[in-house]
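So that we are looking at the same thing, I have put the structure below in structure tokens.
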Amino acid sequence: MSVISYKMLQKANMADIVNRWMKDYDVIAPVKYGMAMEFRHIDDPKRIYLSDGNSIKTPKEFFFPQNDELFEVRDGEVQAPISAKPTILLGVKSCDVTSFPVMDKVFINEHYVDPYYKVRRYNTIVIGYACNKPDDGGFCTTLGISPAHNEQCDMFWHDIGDAYLIDVVTQNGSDLADGLPDASQEDIEAAYNAREAIEAMMPPEFDLADLPDEKTFFEAPFWNEVYQRCIGCGTCTYACSTCHCFEFYDERTKGSVKRYRNWDSCMYALFTEHASGHNPRPTQKERVRQRFMHKFCYYPINFGVVSCVGCGRCVRQCPTNVDIRRIIKQACDYGREVATSVE
Amino acid sequence: MNWEQQQQKMRDIASELLTNGKVDMIIGYEQASVNGKAAPAFITSPEEIQTLVWNDKCENMLAKYALRYKGKQIAIVAKACDARAIVGLMVEHQFPREQIVIIGMVCPGMTDERGRIYESCQVCRHHNPPVYDHFVGDAMEEGEYKLSPTMAKIDAMTPDERWAYFTSQMKKCIRCYSCRQACYLCYCNKCFVDRNQPRWVARTTDLSDNIYYHLGRIMHTAGRCVQCGACERVCPMDLKIWYLAQKVSDDCKELYDYDAGLMLDEKPALADYRLEDSQKAFVD
Amino acid sequence: MNEHEWEPKIVAFLCNWCSYAGADLAGTSRIQYPPNVRVIRVPCSGRVNPLYIIRALQEGADGVLVSGCHPGDCHYSTGNMYARRKFTVLKSLLEYVGVEPDRVQFSWVSASEGARFAEVITQVTEDIKRLGKPTRLVKEEMR
């Protein structure tokens, strides 16, 4: 993406600039959480923790929260405040940055615009942050995403030792970076060399062009095996940066009723169970297949992109090691096999 | 016997079982693709036997899968807690003894990615599978009761501090139900959290509802739990919940002299009674 | 509202055959006891699911009492024997996570113990008043 300008921010000055932003914006950034990190609303910039690993939960929850209160009915009146404070989402890795436009296709498209999602999304300035070291299980490059690319965000930071090199990408980003010194040519080159280095560390693991067509994919024999170890816990879907399935839920409180939109997961039997008790996805096999088919077959058919950004959270967090990379690789192998046998 | 020798013997047994057609499937462990861990493996042909591994990363609770293959002849590579879990499930009439070949592994304890032994394994008393068809390893001495570090910390706290600690954990819960899914005891056709007529618990991540879910689950497994710790190990948010299970199990041991999963002909603690049981919870 | 005016609401799960009849006897014998209990009649103390107790507290009850037949006297022979183990474990667990021990209480009251029923209720009410309004387990939105 074309870059407006390159700026420099000394690490020691980060707290100052964030403090300045906090006057006008809610700032969300990673903080340390156990061994990993977590995105939180920041009240003290000193707590911001920018590192190579990625967060356990994805920042998608700030656009699409796990429990999204849609409206409240009190004394017969419906109250549905749809608003969002201007927000800065800082320290988002390339994979997660890329996940936002993927989610946008569901929530903001020509047929339907979700007001709750839209207001948060459009009021948020996204600041990306480059990976200098691949995370275990990450495979963004395989899906055409660089661990250090500055697309789809307003600003993108590269860690270059004592300072951050900032790619200013949009006008919003430019306004925020106002007053920062310009970066030198050497620093820009250093950042881009680092980008090439990390890309080289992560060679593509499969080629999506090999994926079989929908019917072949659906009926492929490997589904009988890959699901076996899955315990149906749903961690993968909750950790996923692009999973967006939800259910509605009404909650009675004292004197009112609230309607929530909660995350749901295709890994649960309850997800597809009918009121009659019939379940069209009766076993874990159908549920596991749905997850991968949705990401790599139905989503491309509906929206033209795969619904996976290769962040690797599901790979790292799955307690039984259901590895999306292995499954898609198997699918690609099978696709090639079927293609050659037809010829 | 060290890990490698145990692994070799386990593979030999597995190979023999499959080659002679004594079982349709071996459920064991294979190398996982990340974190240096092991993952469950489902082996149906003798050629795949070499992928079976046995090391200190074999932390998954395999008894859970035995429930899925009811009616099939299977063999399970069962570390001591898995074997006890299988015993517990047989006590609850989930499958007959003949249906499962237990390859019992003596287990000194499992370790996490950083090589630290899990808390549940630190205080484990039963390193030897109590019921087995094949015994792999040198029998270890049954351990003495040990207080886990978390429990020791809790014991020293005032009620207010305990509540603060408990809620600090419960706040983190994202209600993905991994703990339920990993638990071999959670085999209800429909879990109470999934019921909506009547609805037992709200589906939002409200603190009070998170507590309701966790206390409900702990009470459902009370007196049946073998303290394998799978619930805590699978938690993506690193909730400390195992100390609750241990507390309940300790109570069952102390009050009713019951240790889950050791005997095939003993009823779970809360499915049994004695006239002279403790009255301590009741007002005089 | 100041503390002196606050009257707790206590949910009492009483078994049909003993404690409920005991409450009846207390009433027909015109024995006075605090009006703070709200009785829920259940077939047996063994019928009381631990989740009922937690739910009552979650939805705003200030205390919970479960009462059944004395051990050995259960209408269904052994229901209360199972209940005794279950509640012993539950009470211990609740205390362990930091809930006040007196917030949830258990007792045995037979059909002939009207006076004892009144005593138990008086005692439980005093205990709950001493503890004050619950802050634990109760759902924020129910306050």
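For clarity, chains are labelled A, B and C in written order, and residue numbers in each chain start from 1.
Here is the rule we go by: a residue touches a chain if its C-beta (ideal position, glycine included) is under 8 Å from a C-beta of that chain, and two chains touch if they have at least 3 such contacts.
The structure displayed is predicted, hence computed values, not measured ones.
For chain pairs A-C and B-C, the one joined by more C-beta pairs in contact is B-C. Nearest to the common centre of all protein CA atoms is the CA centroid of chain B. For this pair, chain B with chain C, the centres built from the Cα atoms lie 34 Å apart. Centroids of chain A and chain C (each the mean of its C-alpha atoms) stand 49 Å apart. Those residues of chain B in touch with two or more other chains are numbered 206. In chain A, 251 are the positions where the chain touches two or more neighbouring chains simultaneously.
In chain C, the positions touching at least two other chains are 141.
Those residues of chain A whose C-beta lies close enough to touch chain C in the complex are 251, 253-254. Residues of chain A that touch chain B in their complex: 34, 56-57, 66-67, 136-137, 225, 228-229, 231-235, 238-239, 247, 249, 251, 260, 262, 265, 268-270, 312, 315-317, 319-321, 323, 325-326. Chain B makes touch with chain A in their complex at residues 32-35, 37, 39-42, 60, 64-65, 174, 176-178, 180-182, 194, 202-206, 233-234, 236-238.
Across the interface of their complex, chain A is touched by residues 141-143 of chain C.
Of all residues in chain B, those touching chain C in their complex are 154, 159-166, 192, 200, 206-209, 211-212, 215-216, 218-219, 222-223, 244, 247-248, 251-252, 255-256, 269-273, 275, 277-283.
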